[in-house]
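Here is the structure we will look at.
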Amino acid sequence: MPIITLLTDFGLDDEYVGVMKGVILSVNPSVGIVDITHRINPQDLISTAYLIKSYFKFFPEGTIHIIVVDPGVGSDREIIAAKMCGHIFIAPDNGVLTLLCNECSVLSAVRVENKKYFLRSISRTFHGRDIFAPVGAHLSNGVALTDLGTPVDGHRMTLLNIHKPYISEKGELEGSIISIDRFGNLITDIDSMILEKFCNSDPGKNPGFIIGKHKIKRLVESYASVKPHESLGIIGSRGLLEIAINHGSAAHLFSVVRGDAVQVTLLDNHL
Amino acid sequence: MPIITLLTDFGLDDEYVGVMKGVILSVNPSVGIVDITHRINPQDLISTAYLIKSYFKFFPEGTIHIIVVDPGVGSDREIIAAKMCGHIFIAPDNGVLTLLCNECSVLSAVRVENKKYFLRSISRTFHGRDIFAPVGAHLSNGVALTDLGTPVDGHRMTLLNIHKPYISEKGELEGSIISIDRFGNLITDIDSMILEKFCNSDPGKNPGFIIGKHKIKRLVESYASVKPHESLGIIGSRGLLEIAINHGSAAHLFSVVRGDAVQVTLLDNHL
Amino acid sequence: MPIITLLTDFGLDDEYVGVMKGVILSVNPSVGIVDITHRINPQDLISTAYLIKSYFKFFPEGTIHIIVVDPGVGSDREIIAAKMCGHIFIAPDNGVLTLLCNECSVLSAVRVENKKYFLRSISRTFHGRDIFAPVGAHLSNGVALTDLGTPVDGHRMTLLNIHKPYISEKGELEGSIISIDRFGNLITDIDSMILEKFCNSDPGKNPGFIIGKHKIKRLVESYASVKPHESLGIIGSRGLLEIAINHGSAAHLFSVVRGDAVQVTLLDNHL
């Protein structure tokens, strides 16, 4: 059974997501549909870019990932369908695939423009329903990517300028909080490789973390490595540094919001 | 694969929706189940009536739509199953099908009363689980509508008295806001045909929109037709007039709530 | 088609639930997946224990129920897979199966430890993805429970000390509010059998209910048995006493929170 995943900022209060599923099932009644989340902050392209990188690889090869975070709907922004890392992505050409492009080369990509695969009547406010859903469903039925429109050079796709961690003048590794999950865990943009490299720059020391006035002294391997209500740093399920409180909410305790800075510093072992 | 859709006011915090799916799959393990939304305001019949009209037609013919917004559960209100516009609707006879009835004639309808298709033990608080779910599943298995109970005259179904747009004494088209979506777009009860007819009454002029003290001067074809943070009127994905802010929230900027009035007025072109 | 249900405290804002589904479908593309809820209060084991008892029996025999409310993830807590009442449950050994164990005997149970059925790389923060999901999917493919690990004596599973209703010195039946649903209905831990037994202790009287300073005088069979905005007691869809307001919210009117006490007292018939 082919699978289509849906990632949108439509929320769950309205009929929008259900309608997209109706359109998909009208074209391919036997496709499996999986919701990633529909609660992306409205029009938040950067969070979307991070999320895509986090979930796609846990689906079978050939899965079709539909992404509708689309502030430019109805403008002349294009819609891209691209084969990358063995999966197919359908998304507005607004940069949401930026971080994926760092990881996977674009095997082939097209501008989605063949109206044969759209709904007959196309609104200028809801392309999720009128274009993304039926196009994804037709792909799941075996329509070839190249049938959807003219090829696009992967290098010409729109990229977001996403801030990356860097070494500050004080010699600290500076990153930021890109997401706060339901448990209040603070997910940073510092991945395990960057952190390891930074730590290896002075092997006699251990990393500590600074968020505003708060210092977190331990990088551990599980939440349970510290006592309840103690803070910790950990490489989380996305492969990114997270700041957390065992059995508590770091977001609440540290009063931080998404976008706030995190510093990694190296501390003497005996501290 | 037959499809059952679910529209309820049960929310997503409790087990209620999951339990309905368990009952459905116990009767027909191979049916596809699609959530429309479960976050209808508790017992809000009018929103439900508008929603039903908006989503059903995007599903394949023959889809079974279960609607459980049911403040009268356990009373002597009846449950109706009706064939309309090629789809099947199972709903309490409390008026939620009112707007659908304006659009589709009732091909056949029955009072749902054949206990053979209910759960064995029937509570008086959760007919979604005990009646709607198994009945919908049996229909998806091929049980005939007429097996469910005695025929009902479509004209005897309960109708809600839903306020419609009208021309005021000042000559303005008066409507109201029936829904506010996650983006803060204000969805009105003024459909494209009513608006067009009103505009055609003085072809030399253009429509403007009034919400409280706020005036919106442009009817456009896409959000991107105005600059970011400018207001606009647009025929949205439901075919209804929406008031929106490009890259912003009209609900927030105009401080409106559902039920507030909207006036359409005709403005000189050169204004 | 085999069915897997998911009950977690992961919420719906992040990719966590979608990722679990990707892992499951990678192992068994034809399994049906049903969400119970993902909005359990973070790490709330007692609510989870009550919920499991409420939904499982509405699914077909053989359904695989995955429960990931797991504050001890990454510690040495164990993961249990158990056959109970014809269903299979996969859960952390942290007591979430306590109330189920009161109802169903453990037919067979194992410690989940055979890495052959895990993801290749196992994090210490997201066993839902790395262990629970693939193990559940392999079971749905026909892998035997006994292949997952060493047998566990059902009587050695961790049990929570869950407060039960009791008769107070004043002769009242004392229970507490275990859940408040979206309608503001107060779900108590007093089940229909306990209530009936208590009422039968003085057949000439009728039960009344006390919550803080509020007295509810009627036990009825449906919400509609009282006038709109009147309070009532009722045996709800879980088989538990609920305190509700017809067409209103008891939680709001009585300003109660989960955990608050409820007393049942016997009143003279003529009052």
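Note that the chains take the letters A, B and C in the order they are written out, and that residue 1 is the start of every chain.
Here is the rule we use: a contact is a pair of C-beta atoms (placed from the backbone, for glycine too) under 8 Å apart; a residue touches a chain by one contact, two chains touch by 3 or more.
Predicted model only: the values in this text are computed from it and were never measured.
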item: Chain copies touching (chain A, chain C) - same or different residues, decided at half shared; value: different
item: Rotation angle superposing chain B onto its copy chain C by C-alpha atoms, nearest 5 degrees; value: 120
item: Intercentroid distance (Cα basis), chain C paired with chain A, Å; value: 32
item: Residues within chain A bordering two or more other chains; value: 12
item: Complex interface listing, chain A residues touching chain B; value: 9-19, 21-23, 25-26, 29-30, 42-43, 71-75, 123-126, 129
item: Residues of chain C defined as touching chain B within the complex; value: 1, 3, 5, 12, 32, 34-39, 51, 54-55, 58-60, 63, 179, 181-183, 221-225, 234, 236-237, 242, 247
